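In the two assemblies presented below, chain A is common to both, partnered first by chain B and then by chain C.
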Partner chain A sequence: MIRESDDVIVKTVARLLMPFITIYALYVVMHGHYSPGGGFQGGVILAAGFILLVVTQGIAPIRKRMSEKIAVIISSIGLSIYAGIGALCLILGGGYLDYGILSRILSVDRAEARSLGILGVEIGVALGVMAVMCTIFFAIFTLDEKNDRRNE
Partner chain B sequence: MNTFFLVIGIGMCLLVLFCLFRVTYGPTILNRAVGISAVGTKTLIILLIIGVIHHRVEMFVDISMVYALLNFIGCLVLAKYLERTGEV
Partner chain C sequence: MEVTLLIEATESAFKILEDARNHAAGIMDTTIELMADENRFIKEKRCRAIFTGAQRRKTRFQNFVGTAIILFIFWALLSGHFDLFHLSIGAVCSLTVAYLFHDLLFVNVRVGNIHTMAWRFLKYIPWLLGQILIANMHVAALVLRPKMPINPRIMRFKTKLETDISKVTFANSITLTPGTITIDIRDGEFYVHALSQMVADDLYGGEMEDRVAHIFMEGDHLYVQDVLDAARIYETLGV
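Now for the complex of A and B:
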């Protein structure tokens, strides 16, 4: 069980840093086309902010916002966005993840449809990676909790 | 100007070796933790210098910011782990 940190400096710095970490993660996701980063890296930064909160504020208040169940649901949503955009291209007559064909329903030209398609896929990947990282983190950090319950 | 940054980068790499020495032979676990943190900070500077040398500093700023963030969180998680196991 992770207790709340008893140091006021660490707690305050983590609270102040959290919004900037989230904004930065969104920047990395949005600018994945033409700078280092993308869906996976943005998701990892989002999950890092979450881990920072768990380590400093204790696991109990964070679980109300992000439990294991919600993490599974969010990862499924992310995977569905990714696979859904790919399948949509397939339905419209292109190849799998051939974003150019999305211009038929988005009413923009092919290049812009390609850019928007990549952005959508990256958002899906970011959601999935964030939720899976949180699941792994929960699974590791609540291991002793489960062992205690088994021993009782 | 490029030579100047190259020399500074090589000097930083040598300083990383000194920190690495402390990480390997550190008497206590706290010395190792501080050594790891110092290596992370120096890596960040080296990344920025590489960016300046290649004239692509706006790309390397992104990477180095993520590096600083992960270094901070990693240090905090390590401290939490040591607090739980009671080694400090």
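Now for the complex of A and C:
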């Protein structure tokens, strides 16, 4: 069980940094096709910000924002976005994840459709990675709680 | 004889009836009064709930807008692409993050003084930079002298700052200034390591603490929240 940190500086600075970490992670995700980064890295940064918040504020208030159930749902949403875009390309007559074919429904040229398709897949990957990281974190750090409950 | 008796009996009967009526009227009056009291109580409670609810909603909205603007500026600085596509993605992202985390960035902001606080904080930064410059030269002079007349000590003092954010600002200002380092904050007491008598005296003088208290409107300053609370109490009392 993770308790709230008793250091006011650590607690406050972590709280202040959290929105900036999140927006940086989203920047890394959204600019993955221009600069280094992408879905996986962005998702990991998102999860790292979340873990920072849990470690400093304690797990109880964070459960309101993100619980195990929500993490599982978000991870499946992420996977569905990835698989859905791939399958959409198949349905439209291209290969799996052949984004160029998306130009038929997006009413833009092939290059632009490719860029948008990559962006969509990256968002899916980021959501999946973040949720799975959170699930792993929850699984490791709430082990004591579960054992206690089982022993009772 | 019988007639007098009859009249007396009627009179007494009338008197009893009158008494009963008065009694009933009295009870009714009390009931009505009580009802009115209760009604007024409920109404006041509802008013207060609306008032505090509106206040909380207003604060939340302010926090949301402030967070969104700051995050969007941060996004624009990071991104460097100023075409419509990237800016609109940035707007969507910063609004989403602001919606999710509006209570993290400005958790203790009291109603109506966020602009003053931001302005005072901006004015505080140049002063702090000046202090850092002075302290730098002091520490350099200490260290460069062959005898090196340092006098390290750990000082402990009680602070008048109340909120977390002001304590953190003060602690970080102390650490940023060369010669002094905040070790810990525990139960409203600062533990600070100071390199020499002069920097310690400077800190004991409390100018920096006063300035930080001034930014966050603490210490001798009046809280807007307190004034609003007092107004509500006066309203209830009907003064």
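In this section, the second predicted complex is superposed on the first by the 152 of 152 C-alpha atoms of A that agree within 3 Å, B and C clash if a C-alpha of one lies under 4 Å from a C-alpha of the other, contacts with A are read in each partner's own complex, and residues count from 1 in each chain.
FYI, a contact is a pair of C-beta atoms (placed from the backbone, for glycine too) under 8 Å apart; a residue touches a chain by one contact, two chains touch by 3 or more.
What you see is a predicted model, and the numbers here were worked out from it, not measured in a lab.
Chemist: Between chain B (first) and chain C (second), which, if any, makes contact with A:I23: first, second, both or neither?
Modeler: Second partner only.
Chemist: Check whether A:A83 is in contact with chain B, with chain C, with both or with neither, and answer first, second, both or neither.
Modeler: neither
Chemist: For A:G37, is the partner it touches chain B (first), chain C (second), both, or none of the two (neither)?
Modeler: first
Chemist: Considering only the touch criterion stated at the top, classify A:I51 as touching first (chain B), second (chain C), both, or neither.
Modeler: first
Chemist: Just chain B (first), just chain C (second), both, or neither: which does A:L97 touch?
Modeler: neither
Chemist: Would you sort A:I70 into first (chain B), second (chain C), both or neither based on which partner it touches?
Modeler: Neither chain B nor chain C is touched by A:I70.
Chemist: Which chain A residues are contacted by chain C in one complex and by chain B in the other?
Modeler: Shared contact residues on chain A: 24.
Chemist: What part of chain A is in contact with chain C in the complex they form?
Modeler: Chain A residues touching chain C: 7-9, 11-13, 15-16, 18-20, 22-24, 26-27, 30-31, 34, 65.
Chemist: Of all residues in chain C, which touch chain A in the complex?
Modeler: Touch list, chain C to chain A: 67, 70-71, 74-75, 78-79, 81, 86, 89-90, 93-94, 97-98, 100-101, 104-105, 107, 164-165, 167-168, 171-172, 182, 184-185.
Chemist: With touch defined as at the start, can you tell me which chain B residues reach chain A in the complex?
Modeler: Residue positions touching the partner: 58-59, 62-63, 65-66, 69-70, 73, 76-77, 80.
Chemist: Please give the residue numbers of chain A that touch chain B in the complex, ascending.
Modeler: Interface residues on the chain A side: 2, 5, 10, 14, 21, 24, 28, 35-37, 41, 45, 48, 51-52, 55-56.
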